[in-house]
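Accompanying notes for the structure given below.
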């Protein structure tokens, strides 16, 4: 009997791309809140979601340095499990519930990619970097303080997809207020059999479930954000028309469940 | 209506990890045919396959330099679509049909990973290298000739998983004879919803369908192969007990279909 | 007594970045011959070289897949020694000798970078890819034939620096004719001591010495070439104004010497 | 007149591998203090250094996450300038001054490699990872607290060279006490001209000069450290015989000078 939460299934379950849930995350986020062309954000929505009439075009670009662990001290193997991520979230409505939808997301680690697909995050591989803050002061330390700046970038296959810079202005009292909407995702797995390629094996609209979501050290300020146009990507269609704010915070949460909203697979 | 064969589904279908089939491949293979512990190869078989009584423990390790294209000249974008692969195939029976089963496979490209999952190849990310043969002669050229040697290696997350060396002895008249068994794969996609994590959304035993399979410049000879033990992998359980042969060839084929043998998903 | 041709010097000389010469190379080149702004090419020339009055602005961009070996079968360790390279060469005069000068060059391997610095190639790290030709025919194989196309690209730090595409038209009888000028390089190593930072420890104009230079399978045709503008690079100042030709060939050579033209170090 | 502190020298000085000093650094260090075979550490010493009779065999292995900046906000371009490093330092004497000597060091960034060579750090490329501490609490956060553990690893060319794990026990009052000896380095640049290959162009024993060295959040505890044997490296000769301690701290400093101890170049 083969074991493992994902492929490769193996005799001892040690070869699977990711250990089984619960999955625990801690990380640092640098991000920019912005307004894109409402037609462009609406065009990314899957069946089952509609534009939010109050905030169509509103979006957030996030760059994250993540540490992951499951039950076996995976955080002590950073070469295998530490990773970086960049994603864009756009405002949407699921029936009458305000939600965020994730059209594009990139990571630099295959375990994270496999977990993401399982959750409905449409992850591709990319190279993601952000300025960090270090405890020892000096010109390179980027302290968490008014006026401090944090750069961030996303590249894939040697092409730059996104560049951001955030300048901190003031702390946010309730950091969780920055993460108020639930995220809706599309669990999707195609068929390859001839005649079935337009008929996916899995096509589920799902809502992310996060436990113990914690935000620490949240600051807001101003932001810059640029999505250069590249082949093989459509992120640039969501290029900012207006920047709302920049922000930075640390966050942690756990995941061991998912809420299926609509199951349309066959 | 979102477009794209895989995630991310997007307004124009340009952001998907891979273009839709047909998929065309051309590449160079360096490999070693060997015998592992029959209990170890048997332990990797999924439900529906059984050990081949005539060749239990027989396996092949392959290292491949691949070029990919679909319908839009993807082969002209090597930064995005050229890739390298390493996989092990073990002899098995599907009912009374002799087949090969792929327990472990690694690639260095996310488009290849996504196609693989769709086919049932349980791909993870790795770093794969092989000695190449160049047309201009000299000490570094590795000509296709008796006594020529080709090294190959597979690493993942900074750990070496496999090392091989092949010495060519003589050409093989019918190169296709080296690829005589069809490959059986497991299309598998888990559920994350609590209570459903042991109940995969997709669990199909499938047989690979290849069109226009071509082998050129096939040579056989002797081989060396080593699977160092590493955390988070089970390849080393298939460590060679006896080497049968080494080989090298160029190959090409196309894929646009799959034969589902058993659909056990729910 | 520490051993090794380069740092790190070590008790057994096994840790050095590169084994000592002679160094042997075999590879495939895809390239574009073009004309840039003559003022821009002239501005890249070091003291001791002057623009070629007959061909000021004439340049070649090369993308190379390389295999390297020294005396210990290094070509059998492709993970450590196989590499890719992209460089630009511009026409110049050393006194009355027509030469090529290499202002910018990128590799994806530290052994190649160390050898390069020693020779006077100002190598930085980059990601380089080229379409390959495979012996097994099919839509992905890119045969060496009229009309065949080869793409190539160079990126560094997640930014695209160069993109090329070559279409083959006809074989070149004398492939060596494509490599008729010697290459002049600048061996340069700075001082860090305060007060000496403008006074390099090594500042030598040198001419590359290649043994047994062999070209095989040379074809010429048409080419496209683009140098996107990026921070931290000056390659884009050499952007093509006119394309002369595209080409592709295999080449090999050995190196174990260098001709110092001018030694201006202190 | 070409500009730039290192190669490539260019018309505007923007293409050089690294901007000129002063160079500013901030980072996090995870490390292990240990005792190796005294003959092995002595064998790594260059001419001009001798074993420390009081601590022969004493060494420190450090894993560092670094942020770099010079005068142009380089810390806002993490894709180009942020990097990771692993190095080993062994006790030695320069005349009657107790010093540390750096036989082996690895980074994942070419700007850092170029600065290192200029200083006398014999840098090669590697992949370095360490467990990080995040401000938002949870199972993946690794707080700075008694019992917290931090893993670290170094790989090069797909082979693991070092693995460490540190368990924090208690804060260190004077973090600078962990960095009490100056570091001695070998600035070395070979000649390639035939007949001169044993006669380096630069061969200087130098002492590192650091300004504004700051240590914050220093903790000590216990440590584990392992140097697997690999081809092409000699680090494993320094394998720990006894572990003294583990530690973790943040540090920052600036560099704009170097003290040349002995200049033996020709």
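Some observations on this one:
Each chain carries a letter (A, B, C and D) given by its place in the written order, and its residues are counted from 1.
Going forward, a contact is a pair of C-beta atoms (placed from the backbone, for glycine too) under 8 Å apart; a residue touches a chain by one contact, two chains touch by 3 or more.
Since this is a predicted model, take the numbers as computed values, not measurements.
Bringing chain A onto chain B by least-squares fit of CA atoms involves turning it by 180°, to the nearest 5. Residue numbering at the chain A/chain C interface overlaps substantially, since over half of the positions present are found in both copies.
Measuring from the averaged C-alpha position of chain C to that of chain D gives a distance of 30 Å. Note: centroid distance chain A to chain C, computed from Cα atoms, is 39 Å.
The set of chain A residues touching two or more other chains comprises 77, 79, 127, 129, 153, 155, 158-159. By the touch criterion given at the top, residues 1-2, 5-12, 14-15, 17, 20-21, 40, 43-44, 46-47, 77, 79-80, 103-105, 109-110, 113, 117-119, 122-125, 157-159, 186-194, 197, 201-202, 204, 231-235, 237, 255-260, 265 of chain B touch chain A in their complex. On the chain A side of its complex with chain D, the touching residues are 24-28, 65, 67-69, 73, 75-79, 82, 127, 129-132, 134-142, 149-153, 155, 165, 212, 214-217, 249-254.
Interface of chain C with chain A (complex): residues 127, 129, 153-155, 158-160.
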